[in-house]
């Protein structure tokens, strides 16, 4: 049976602190959309119309609440000159960063930002999806944060050593990366997408809380500030274990925080008064477990999540793995649906 | 000087190449528009030029008209089919004050000033009732070629009275009439009458002034001409080239610049 | 605080051009404007560009052209977040009161009560056009109002969805000499979603005796409204509060009237923005105080432009009158793009521009303002003000855009067209607005283009 609210209406209520008919459902359904629609991955991430069509079909198929325009977190680094290879049946892989060493990058970081690469693919995809369904479904586009982008502009070893030995140089690079990411956001906004900031390389699995505060958080905050100029409700997604930095996340200014390998109850208790929480079904379980177990665990997760004071979105902790069995993701959506309902509309007493 | 008018209509694309010095159409071409008006407009235009042995440099102004006029990106300017039809028909019929144009998707009545400019016009509502495509749809349902409609309707002794001009409802009504062995001629004549009444009711929103000229693809149908005369109660003449009025007018507009 | 921002020379700009302009707007300006003043909550900022609202589904904005002033940006931001504003009103414990089928007076009464916010569900009829969406219309159809009724049925869909505005604390519905289609919306809302306080609207009186009787009837009806609002808010209405409410409404009406003259006579504001302002006189986009600021800001901008000799539409553009709101805002952008400008309008809301007498007892003054409303009379009385302006500003043609099923439009268009032709001897174009879509349908485009060609040929 069709539901009372469209995903657009549901999300609209969430972001203005109003109760919805049910929790929005958002498995981070990205390139799995290509797999489930039978499209080669290389076609998916090099052709905007193909990407959008896969997303539209996959959303229909699984009945989720968002469109996600994304392939991998290298998009801005590539747009600035890092090189990627495009495997036929896998995601793009960084083959050669723009600079071999931090020292070579610094003198060039004052340059004007010109974005090339596959940015047009993203914009085409957003345009297509927006024209097709933006009245009904929010169109999200992933934006790799400045830290994640910077790390793909320079050979990883030089960058990581720089964090310890040449922090000032890293910050010059981060400024450049921040400007580029901001320009990328501007293009996405014009095309009609709500940017969702991802900073996987700033995960607690990589950075200490102090390093996160020093190197990653300022860029995230800067980009979020730019998006707030437009009054956009900003999603920040950080993969991996973020236990150590959970309390810092609201400092970024994000309106919705998407978490991965952390205790959901702890996150809600710690920051659930300040931000809406998105999360956090374990993606390897989604991939390798069976539908019955997934259903049961998602029900438990959503029952816990829906009590988040500022609101909750039932999601996976990270991207849906490419090879996730269809039945598993369907079980995820069904379980989330089962447990997601709120009393809606709140009955008002007739006087 | 040579100018070209191209009328990208919903059913046909029409091209006229006009020589203003000799005041004559030196080449014309009509071909179905199909589902790709952009490509077809270019193609029909090129074929018309090639047929007349003309190259791109031989033409002055190219003016596009018709519902898909914006598709003819190679044209220098566009003009609506209302203005173009008025210009074209008036040149052929200098005494004309009222034009009835029944095309594929639209029907229009245009009232002209004594000097020949558009004074007022009315168009049909959005649905196909009252247009040429209505007749074509019913022709397919009856299994009778549309070209035969004129001739067959002349043999009618008792035209049927149709209760609706809605394409869908009319189809079902006509199939019931066929099943009841009503003569084809009477059904077709009834269709013409119903369509004529619809168009005349639209015309009466204006003040119909003679001479009245009937143009558009449907004007080739003798039965429609007769039905229109009867419904309007005044003499109606068929345009000199019913398919080419708008394209000719567009070509004339090209000489005025 | 002095904020350094100068408007660029006046012109209409595209969606993308507005984003370029927005990049120049200082952060301090964005911080400056809040709805429900003196509230300063972060959520109440509203100076945001069309891009923001397009991301949240208002797709039509991408096809429109906008005025490039800061005041216009403020106008769009304010208007576009009305739905959110109403939810926030509820969150800060204001009473949200829906006034339906109202010709202007009910909003004046409701807004006189401290802590009450009047809104106009009827205006959600723009949503399907702004979003290029059938969602609300389909919902209305599911509830029994299909294509045979006018686009205002979207308001029924919005009630059913509970997500476009909060469920009102009180619904007041004007009935009687109001729109029939809208009466159907009101009945369905009353049957399904809310108790409704009905207010009878008489037709326009034809003599003194009727005028007195109708006035008394209306005053009695309004007293019921006062009682319901007093029960809701716990505040007894006083004459002083009502008089203040009237003065505040008149301030807006006066500013709007001045702006209308500047827009339509001097061409300093596009037709689209002017239409949005005209509609604001009905219900102030749910925030009378801030709306006053928005309109007065536009007025200052318009006056400055006039002083500097700046225009947004050329003086030699074809001069058009427009009757019945075009429903699809793109039509106004289109006619201006094609070299025309509006000089006189009758959007079924002109009665909300008439000043309410401030010397009479307040309820009687409000009743009289309604009884003078052009819309409750014949087509001819509806057109009186329009014709005066059309003659003064030398309109060359008139467009009557009907709304299929709309009882104030569908059957009236022909009468209006004939009457105008007989009075002004200028061409009239009549057509029904097509349902929401991404572009203007080809037939409407041809009609407008041909009409403008005709007008041009008459010069």
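Every chain is named by a letter (A, B and C) in the order it is written, and numbering of its residues begins at 1.
In this text, contacts are C-beta pairs under 8 Å (C-beta built on N, C-alpha and C of every residue); 3 or more make two chains touch, one makes a residue touch a chain.
Treat the numbers as computed from the prediction; the structure is a model and nothing was measured.
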Overall pattern in which the protein chains touch one another (line/ring/star/complete/other): line
Chain nearest the overall Cα centroid: C
Between subunit C and subunit B, distance of the C-alpha-averaged centres to the nearest whole Å: 41
Centre-of-Cα separation between subunit B and subunit A, whole angstrom: 56
In subunit A, residues with contacts to at least two other chains: none
Subunit C contact footprint on subunit B (complex, rising order): 67-68, 79-83, 105-106, 117-121, 123, 125-126, 205
Subunit B-facing residues of subunit C, complex: 414, 427, 431-432, 434, 441-443, 446-447, 449-450, 453-454, 457-458
List of subunit A residues in touch with subunit C within their complex: 4-6, 8-10, 12-13, 16-18, 20, 130-131, 134-136, 138-139, 186, 189-190, 192-194, 229-232, 344-345, 348, 350-351
Residue ranges of subunit C touching subunit A (in the complex, touch as defined): 15-16, 19, 22-23, 27, 30, 43, 45-46, 48-49, 51-52, 54-57, 59, 62, 83-84, 87-88, 91, 131-133, 135, 160-164, 166-167, 169, 195, 231, 438
